[in-house]
Amino acid sequence: MEFIRIEDLWFRYDESEEAPAKDERYVLENLSMTIGKGEFIAVVGHNGSGKSTVAKHLNAMLIPSMGKVYIDGMDTADESLTFDIRRRVGLVLQNPDNQLVAGIVEEDVAFGPENLGIEPAEIRERVDFALKAVDMYDYRLKAPHKLSGGQKQRVAIAGIIAMKPDCIVLDEPTAMLDPKGRAEVLDTIRKLNRENGITVVMITHYMEEAVMADRVFVIDDGKLLTSGTPDEVFSQVELLKRHRLDVPQATELCYKLRACGVNIDRLPLTEDECCALLKEVLA
Amino acid sequence: MSLLSARDLVYTYSQGSPLEHIAVNKVDFDIEQGEFIGVIGHTGSGKSTLVQMLNGLLKPTAGTITLDGVNIWAKPKEIRKIRFRVGLVFQYPEYQLFEETVAKDIAYGPTNMGLDQEEIEDRVVNAAKFVGLKSELLSKSPFDLSGGEKRRAAIAGVIAMDPDILILDEPCAGLDPVGRDILLAQIYNYHKERGNTVILVSHSMEDVATVCDRVMVMNHARLEMFDTAQSVFSRGEELSGMGLRVPQITSIIDSLIEAGIPLEKGVLTVDKAVLGITEYLKKEGRL
Amino acid sequence: MRDVTLGQYFPCDSVLHRLDPRLKIVSLITFIVLTFCTFNFCSLGVVAALVIAVVALSNVPLKMYLKSLKVIIIIVVITSILNLFYGQGEPIFEWWIFKVTLAGIYNAIFVCARIICLILFSSALTFTTTPNDLTDALERLMKPLTVFHIKVHEIAMMMTIALRFVPTLLEETDKIMAAQKARGADMESGNLITRVKALIPVLVPLFVSSFRRAYELAVAMECRCYQGGKGRTRMKQLKLHKRDYICMAVSLLVIAGVILCNIFLPQIH
């Protein structure tokens, strides 16, 4: 079932200036995509490609200059729906330090539900549930600044979960984390998608992260470059490299081997796939 | 005589309080002139504390650091001179920019050194060149630059002091793949051209494997390994015991070797791996 | 900077830690007023006994209290010295323009004791109450002020955010200072003007980053459906327990004691 629908989205800042014709000043150009309920989507692109701007359109933080964004049929341009849209689509930002509001973990997680005007007893239940879902329940009484980056980011995710959204959008959630923190956050996101059926849209420039998605959208210069399953997208090694994107070393190795004439028909995405494939080819 | 040596280096935070915490414990090493050293270790392993001791920002609780055979704390009042010789670029250094123009900001270090104006201008231009900052950006406000440009300007600010040893703590954090490749290449070129010693602290095993001659592995405040990149990364199991991994390419080749395919161990780059595999196939007459 | 204990929370368990924060704030205000209403040694003695009891009940090491006194020791010394020489009446001791009178000595003792009591009471409050509980309690106590169009919720939210970011900004200050020192900044030597100048490379980045943080936080709050205080509920509800009523009773007794001492015993002045 369709949940997010983006139709011919154009966007630029500074709407007050007199409108020039469609020119290069648009951050996003003619973008269309649909995302189904329960899907795990990765949006990739290099820094400045406009991928974060896409994220902010999904919860009505930004409104299209032209075109439409629908969240479960609700038009994000309709201000009377903004509150409802933000409740249903939670946005997690890059810097874990700058999105925690309260000085105690559980109070921070309660911030969203409190804004929604939910009964105290139910907030308590939701907070406990959300903290357990991101595996941070034991830290509920700690101060955020005592936590590691990965832990802070998981608290931020819990703060969104407690609002019971249908969809979580994460804008480069691991960019500022160390490898351990990254792994923690990714595990959490994957678990929420699989076990709780939450639709996930993850903006990232790490290709290893995009590999775990159901579908990948590649954005460059505000335009949709290509999209499809990770297999389909990452087999286009040349295209990605030309647009300042990386492929996992496993994929690159097999791609280069194929260029040397080694008989490889399907490019692997992960280390395990690559090992299995090469063992077969080389044995 | 080594350029930089540490003997029995210890650093303890909040000594004597209940929060006492040993961040660096009995570390010994020698670094030679012109080496490119990588430092790896998980968060909290003591890497950052170690590098802050090397340029005299933190005073060791015990042990000594010698630069060119002289204890850096021999004259505590002149510790600033050590900081000019051992340049340290912190993580996310763009947050230290403060001047009106990029040029003035890069000039901050050299000015503190008391150099004359001409020399300073020279150094600013050269440092900007090394990190690939276009000269028209020098007159701009550092706050108008893009994220990547800010990072470069901040690194130029340390390079402009012309330190004998340049230490970079996670210089590529948060950059996109191409951005990090370019920056890493620029740092490597700087090292090659100047012949200066560079110490790179990084979480990215791929980066360390690509550029470093020797690699230090920190774990629980101790220096567990200090060897060539090839031999460090051929000890994959020990590394994963410390919460570290080897580059993906190394681990792929390792498991192929384990499966009985005769390849060379300790491959660090994709190109080397491609070479190794194609050579093997050619020898077998299959290519 | 990390050594300042004034205003810090000390995590441990005690009766005082468990008291309702609203009650603690009201009591603190009452006790401070009371401290300045001691007109003889006897009432001062009652207040002093109360301070000692509070400090003891808080379960916080005495060292912490002494540390918070250390900050204001200069103020205490200066005001007591000034008071020492400003007494009326027969001088006990005279030198040049300085005259020490019995009233002056009493003044000095009282001022000194009052400031110390004030600091100890306030420290006891902050040591035993988390900043978050404090703001929470303040918001609830000030609720009636909304009648006068005072934005109580917004003020409380500002305090919460400020408290949340103090440690973050302190950490950041340390980091920026270290980074500038690595570029040869000299913050320890020179006269006042050069020292203030040396702070610019620290303050500018700190400001810039604070604004960036504020902007990002505002975005994050909006994303979480924040719309100000209207229609907002709270997870934590405050309820008075038995211990709170006991505390109230004891406080009333102390107040009565001080008043009685003041009335029935001669005043110092």
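Structural remarks
As written, the chains take the letters A, B and C, and residue 1 is the first residue of each chain.
Convention: contacts are C-beta pairs under 8 Å (C-beta built on N, C-alpha and C of every residue); 3 or more make two chains touch, one makes a residue touch a chain.
Keep in mind the model is a prediction, meaning the values are calculated, not measured.
Note: the chain lying farthest from chain A is C, by mean C-alpha position.
Across the two interfaces under comparison, B-C and A-C, the one joined by more C-beta contacts turns out to be A-C. Distance between chain A and chain B, defined via averaged C-alpha coordinates, is recorded as 31 Å.
Centroids of chain A and chain C (each the mean of its C-alpha atoms) stand 44 Å apart. Remark: chain C residues 130-132, 160-161, 163-164, 167-168, 171, 212-213, 216-217, 219-227, 231-237 touch chain A in the complex.
Interface residues of chain C, counted against chain B in their complex, comprise 172, 175-176, 178-186, 200-201, 204-205, 208-209. Those residues of chain A lying in contact with chain C across their complex are 59, 61, 83, 86-87, 90-91, 93, 95, 97-104, 106-107, 110-120, 123-124, 127, 143-145, 156, 159-160, 163.
Note for the complex: chain B touches chain A at residues 42-43, 146-148, 173-179, 203, 206, 243, 245, 247-249, 251-252, 255-256, 259, 261, 270-271, 273-274, 277-278, 280-281, 287. Within the complex formed with chain B, the residues of chain A that make contact are 46-48, 148-149, 175-176, 178-181, 205, 207, 244-246, 248-250, 252-253, 256-257, 260-262, 271, 274-275, 278-279, 282-283.
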